[in-house]
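Got a structure here, written out as structure tokens. Questions coming.
Labels run A, B and C following the written order; every chain starts at residue 1.
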């Protein structure tokens, strides 16, 4: 069963009760956070590099039409065929059409978030073509009939033992706890798939406008095989993958591996500029690039949302996020989980279908700190929250009020009134002091349940895990009036 | 220096001693302290939940009140609320005049610890206490205001106190405003990692710069009957055991 | 356009729709751009200018740095004085591996270095299906990056895309003079006459997809040997 973004809170609660997932997430945080820290230390000016990347991305996005056309023109000169897709359905249709025309029965695929996003596999399977995922993690997920739970390590939620059981069940190996044996099993089976494949489908990490080049990074070698062995190579790329110059790779090839896996470079980079020149050369006869919008161009409408398109899919924000570390990727109900998922998913599938995601953050800012392209994810989350409550993301005065969640909206109106001036504020506090007599014991509020919790749901939610402080006998302002305001009073010793 | 204190709602009503302590420390280092009783809230709860219209009202109110003050600096015992003041301009994306006013107020507003170290250039405020303590980096102070060394320097100068770093001091406590009650289970999961770090550090107090984090951490410590006390930076800097 | 008429029309429509959507949405963002840029401290014009850092290091020193970095990612590296020594080293590695079949690229250097004998079958420019049965692939590399221990293969100068990839062991011979210190220098050199495919190789094929445990040799070679010729 695939989870949806709409039920994030329930998904999260289920995830929190899964001890296996917790072990895996702790392993992820311990490993990747440390590896990243070590890897960025090997760059002299990491901050300067991030800044450069951010400026390059911002400049590109502000003139995306121009750079896209330049990219297409140069790649076409080198023999690449282009296909434009407004949405996922159109993109799937294009790929399917290309496969059918070539009578392709065997298709290999390398890891690509863009194809996950549009559920390409399902679309092809519905027409009787089963593309074989060749990235080890993706293959595991495909065998298990699941979805990835991490951008970089899709099967992070599964243990070695679970994977071994899966292999015993699906490909008939002997039970093992040896990762090398599991890996070799995948190698041997997938080699046959590579050998027979007529078409290879990949994603794209970067498209260089200046040269019409596509660049794909990996560690396993399956992308080199996917793009190098079959007669036809189809690359599916979002329109935001463009960088202007070949030299810009110097920036992004330093940032991406270090942020993603903590490597100085991944094992392989395939830098592909067009099809082969002579029939006897190596490589596919034809290369097709599917340029996909699927909700991306909409994000250009505001500088805050535009940042979403700078993402290079490194996964660093997932690893750093305290919320992701608690609930894992599946809870987000989207191929893009974690902080970046919480901002991209609502924009891609529509805010009404992912209303909880922008709130699924403590706004701690750890994501912003690690982001190699300096996306201000908290700013984006706040922007989307405003969009959800008021439709005022563009600015407080720009839009009429939308339909709000009634109780929350009422609460905020009451708070707005109570805090609007000293008189109403004082009255509110007096009421709180009176009411808290019901629940305060020894100067604190313990677990609140029953009637009071129903009356004040936030207090119930808070005190399920934590005691709450009581409203003070004498507020600061009362103490100020009672003598604290006298500047000659020099030493006040706090109660230790 | 004349300082106008911005006390924040949480401090005013739930832990006034933090405000009282901050006033004491500011006076001790030679500041003249004023408090405008008209002040209420910075509007952060509304802003962070997406209620920008309400947030804008709070921002305008805050700006008007503090514009009237002749104080050179506005100082607050909360990195989070100060960060909100720095966000004010975002509430007026197309209103040049208000944006300018917001910017001017933001420039005058400082978090307490950062104000001592960076503006007053004071690292030893003459405090003394006892025991082993650690520091929890409140996220907004750390990542919005870039306050990392300042509180540590201040704490290391408290006589009689042993300062230790806990593991993951810079990781969120799980509070996150309405997040803590919208997703209480996740918030509590994050919090328990923090509690684990605190207990491992074997301290008698965990010190931080934001009352909200202390409410979250302290609430859990209290529920678990821990011996560790949550303390605000202002409270420990106000301690002068040697004078007792 | 090779597609049928209907498809072409639809494609043209999609292309126009996407481009105009990009332009329309960019126009909407304009009123907010200035404030946002100011807040984040970004200039509104001027893409960062790229200048590769050039290090004045001898090729011997570069070879040393290259080897150290390659070995740090699990590669095996030997520096030899000249081609004669290189041929010996190639022979030694082949003896150790004891392969039944060796695939070699069309590089002249490799042709000279790999000794023909009856015991081993040597195939030059093998077909893909044949490569799956080879135990060793031998190629040269056009460039190398010292700071990362990376081999750089340009497809227009040698047919080595699959020979360096499919067999379980990859042996690569490289001239020290072709090593550069930084990624930036190599990108500049490669861009002068950009090959259809440029491949960067840093160590053996690897994965951490199962419990983040490192496993070597998943789809590409599990072993990488590099011989650097110093002269």
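One rule holds for everything that comes next: contacts are C-beta pairs under 8 Å (C-beta built on N, C-alpha and C of every residue); 3 or more make two chains touch, one makes a residue touch a chain.
In this text, all values refer to a predicted model and were calculated from it rather than measured experimentally.
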{"item": "From chain C, the most remote chain by mean C-alpha position", "value": "B"}
{"item": "Most central chain, Cα average position", "value": "A"}
{"item": "Chain A and chain B, separation of their C-alpha mean positions in angstrom", "value": "30"}
{"item": "Chain centre separation (chain B, chain C; CA means) in Å", "value": "51"}
{"item": "Distance from chain C to chain A - Cα centre to Cα centre, in angstrom", "value": "28"}
{"item": "Sites on chain B at which at least two other chains make contact", "value": "93-94"}
{"item": "Residues of chain C engaged with two or more neighbouring chains", "value": "32"}
{"item": "Interface hub residues of chain A, defined as touching at least two other chains", "value": "394-395"}
{"item": "Interface residues, chain B side, partner chain A - complex", "value": "7, 9, 11-17, 19-21, 23-24, 27-28, 32-33, 35, 37-38, 40-41, 45-58, 61, 91-95, 129, 139-140, 142-144, 171-172, 174-191, 193, 215-216, 218-220, 222-223, 235, 238-241, 243-244"}
{"item": "Contact footprint of chain B on chain C as seen in their complex", "value": "31-32, 35, 39"}
{"item": "Contacting residues of chain A [partner chain C, same complex]", "value": "24, 27-28, 31-32, 52, 54-56, 58-59, 62, 64-65, 68-69, 78, 81, 83-86, 90, 97, 134-137, 140, 153-156, 158-160, 163, 179-180, 182-184, 186-187, 190-191, 195, 211, 213, 219-222, 224-225, 228-229, 239, 244-251, 253-254, 261, 263-277, 281-283, 291, 293, 297-304, 306, 376, 394-395"}
{"item": "Contact footprint of chain B on chain A as seen in their complex", "value": "9, 12-13, 16, 322-323, 325-327, 358-366, 368-369, 382, 384-390, 392-398, 401, 408-409, 412-413, 415-416, 419-422, 425, 429, 432, 444, 446, 457-458, 461-462, 464-472, 474-481, 484-485, 487, 489-496"}
{"item": "Chain C-touching residues of chain B, taken from the complex the two chains share", "value": "89-90, 93-94, 99"}
